[in-house]
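First chain written, first letter: the chains are A, B and C, and each begins at residue 1.
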Amino acid sequence: MTGRLLRLHLRARGASAFVAGVSVITLLAWAGGTWLAGRSFLDGPAARLPVALLAPLLAAVLLGSTLAGADEELERGTPLRWPAWRAGQVLLAVLAVAGALVLTGLRVPETFGAHALARNTLGWIGLVAGATALLGARLAWLPAFGYGCAVYFARPRDTGVFVALWSWPVQPSAVAASWWAASGVFVLGLVGYAYRGSAVGRRFRPSQSRSEVD
Amino acid sequence: MTTISVADLRVSYGKRVVLDDLAIELGVGVHGLLGPNGAGKTTLMRVLATVLRPDRGEVRLLGHRTDDRVGVRQARRRLGYLPQAFGFYPRFTVREFVEYFAWLREMPAARIPLAVDRAIERVGLLDRADDRMKHLSGGMLRRAGIAQAIVNDPRVLLLDEPTAGLDPEQRVEFRTLLRELGLDAVVLVSTHLVEDVAAACARVSLVDDGRLVFAGRPEELIAAGGDGDSGDSPIERGYTAVLRGARQVSR
Amino acid sequence: MRRALWVELRRGTAPVAALAMFGAGVWVLAVHPDDWGGRWVGLADYLRVPLMVLCPLMVCAGAWQAGRERRRDIGELIAATPRPGWHSLVAAWLAVTLAGIAGLMVAYAGAAVLVARVATYDGGAWWQRASVGVLALAAASAGGVLVGRRVRLRVAAPIAGLATYVGLTILTYWNAPAARLSPADTVGSVYSLVPGWVTGLQATWLVALTVLLLAVAVRRWRVALLAGAVAIAAAVPINTAPSWYRAPADPAAVELVCTSSGPEVCLTRVNAFLLDEVAAVAQPILARLDGIPGAPRRAVDEAVRPPGDSVPEDADTVWLPLDFQATAFGDLANVDYLRWAFGQRAGGECAYSLHGEEFDQRIHQVDGIATDWLLGGSVLGAAGASAGLRELPPSAQRAWYADYLDAVGRCDLPALVRLAEQP
């Protein structure tokens, strides 16, 4: 029975579209990384940067739309242990995305940024999960998207713990502070989402309120 | 005078035929459209609203054929439509929402402000006119929807379950508004609430399984019912009797 | 149209777009003020470089606005209205575009006030260069509108934004003529004059692209065909023209402005706002060299340095690198970097050219002594190297420096080694 419930739940959350999307992203990341690494004017760390930043971000954006069902309040009215289900979904997604993306970079981890891909998966998914708890699944992509654009454009040249903390997505994977920042974001996002779920806006729909009369 | 005329109408979704060989003529006045769930009421409304193109048949609104591009645009200028489930922009105020639809209905710009105020007043929302749509209750939203449908003084007004979500007092007021609108326009109201029809409609049509099974005055529908038919009011008994009769014939 | 536009400006995505673009504008201006400080052309070009970030934002805003009808399930209501579909779409696009551009312009107006306070050159067709950037933003939001109207995906807006980002990044990295179609591709430098036809073609290309995208969004195929033809007609010459990266220098921009008293320090008109501060750094150093045979007599903006000219061949002049030397307020950003232009590396370069990596390290030492003596002892890596030299009487110090310049000029390595040990 649990197996069937799981299948239904995955279907309700659009899991198949997510898996298809992540597969496409993985292929693009592999192709993009190879292409960039072959450019004569780029060396290893500079080549991996766009892929290491954008591929996990895209995957996290896709995950965002699976973090809420068609009617959040309807789901909350059920006795299921939602924190565990929500946390499980996020953890599974991290494993799947990080696994797929790291595989594309493991050929030469330094050139393709395999470890940075894993770290950024952690960070971006954490940010999207946290944003889901605060803004709702519909707008969950917004903070990650804005932050990704800003950090990528700034690409700070100076090093230092503080800089590494706020610019974790563009740091080399050897910088420990970037891992701390990404993990911190992930834990906060995971806990926030697991306990609060997707934020529900106050929204009346005539088609919903009609059911009171019919 | 006939303002809506439909002949030989057929609509299907894929293999499922929803309306078949339907013909209907409607003149000025309030018309009730009754029928069980899935009978094709909403589909008929959508065809008349020029939103759905029929597979076959001729639809004329105010003399314009709806399969003709110029004609349909002419007809839409004098058309008001409130779908069963309608969307809205939550950040708009009621006034902006109605104003926006006045613009979409190509009203002359100079007439819009007055027409918007009048429409909002007629549905009794004037005190909430500058509230955002997202702050309205279900009944108020429904009334805002009616306001956008009547803003252009339509000659053809199509209301799909307009009384859903209205409280009894509002429904009484709404029936008065309907009778007022029916003085110089053809108003077609689809509903499940047969008492609304008895109270506000001059004529009533009953659709079942994609076919028109009854067209006449409410009194004729009441007369069709007998003591043996199920229902709590005379018109409900008439309604079940006509439906039962239609289903026996089709078998 | 005005009524619908006004409602969209207040209630649509427009206010959010304005705010986002303002924030993005402040951010991009704040992270690299050295790119634009004090220079009108620099500020105009700096409207182009961040398009890599700003265009995705506009795509996102456009897609979000155009996807609203579907999100809010209002298509049924709108389908029954007579107004042609492109009216409301154009109103929505216009609202997002105007608001986004206005938000960005507020941020840039702040920067413009800072530039106007100090700028010494206002030519260089800077506003033409800037307007191409603005047109690119309009094209980006049109692209977003197309995606929002046509793609049913819930996350269409962010994905379209990121895809734009990726696309522009690829164009930037891609060393092909097609890269020039990217609006983020800047043309020339602050010292060059971009030919009018280049700006004209880019503007035509972007306007045609905007019309094409909007026309496809509302399925006006004839308009789309026409706009597509114009876009191709503009894109072909952009792609096939000879590279304009070496655009001709702007003679008025590189005209030299020199100090009127003391040792001569000359900057181009573009950088002349830095003249006082640069002179304050350079003149004491030049004064110290005054009268030493073979020593440089003047310091000049590197922008006018003839290509291929190296220091030993023109010992008379020190070239000052000033490209990233202005702060947002038009002050000198990095004094040490400027002083380093006077640093002496000639001995090492000379030895390297004769022996490769394998040469007497005392030659580096003698370069360090010379640099430290000249700059007064505060140069990274060589600080204090000239302590011994400074104990000599002033005339002997100057004689040592003259010998150093002489030895470097002749590339006399043994003499340089002797000089390293002498003081």
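One rule holds for everything that comes next: a contact is a pair of C-beta atoms (placed from the backbone, for glycine too) under 8 Å apart; a residue touches a chain by one contact, two chains touch by 3 or more.
Please read these numbers as outputs of a predicted model, since none were measured by experiment.
Centroid distances built from C-alpha atoms place B farthest away from chain A.
The most centrally placed chain, judged by C-alpha centroids, is A.
Separation between the centroids of chain A and chain C, computed from CA atoms only, is 33 Å.
The centroid of the Cα atoms in chain A and the matching centroid in chain B are 46 Å apart. If each chain is reduced to the centroid of its CA atoms, chain B and chain C end up 62 Å from each other. Multi-chain contact residues of chain C (touching two or more other chains) are absent. Listed for chain B are residues 85-86, 90, each touching two or more other chains.
Here chain B touches chain C in the complex through residues 46, 49-51, 72-77, 79, 81, 83, 85-93, 96, 99-101, 103-106, 109, 112, 148, going by the rule given at the top. Listing the residues of chain C that touch chain A in their complex gives 20, 24, 27-28, 31, 50, 52-53, 56-57, 60, 71, 154-155, 157-159, 161-162, 165-166, 169, 173, 175. Chain contact summary for the complex, chain C toward chain B: residues 3-4, 7, 10-12, 68-69, 72-83, 88. On the chain A side of its complex with chain C, the touching residues are 32, 36, 39, 41-42, 50, 54, 57-58, 61-62, 64-65, 138, 141-142, 145-146, 148-150, 152-154, 156.
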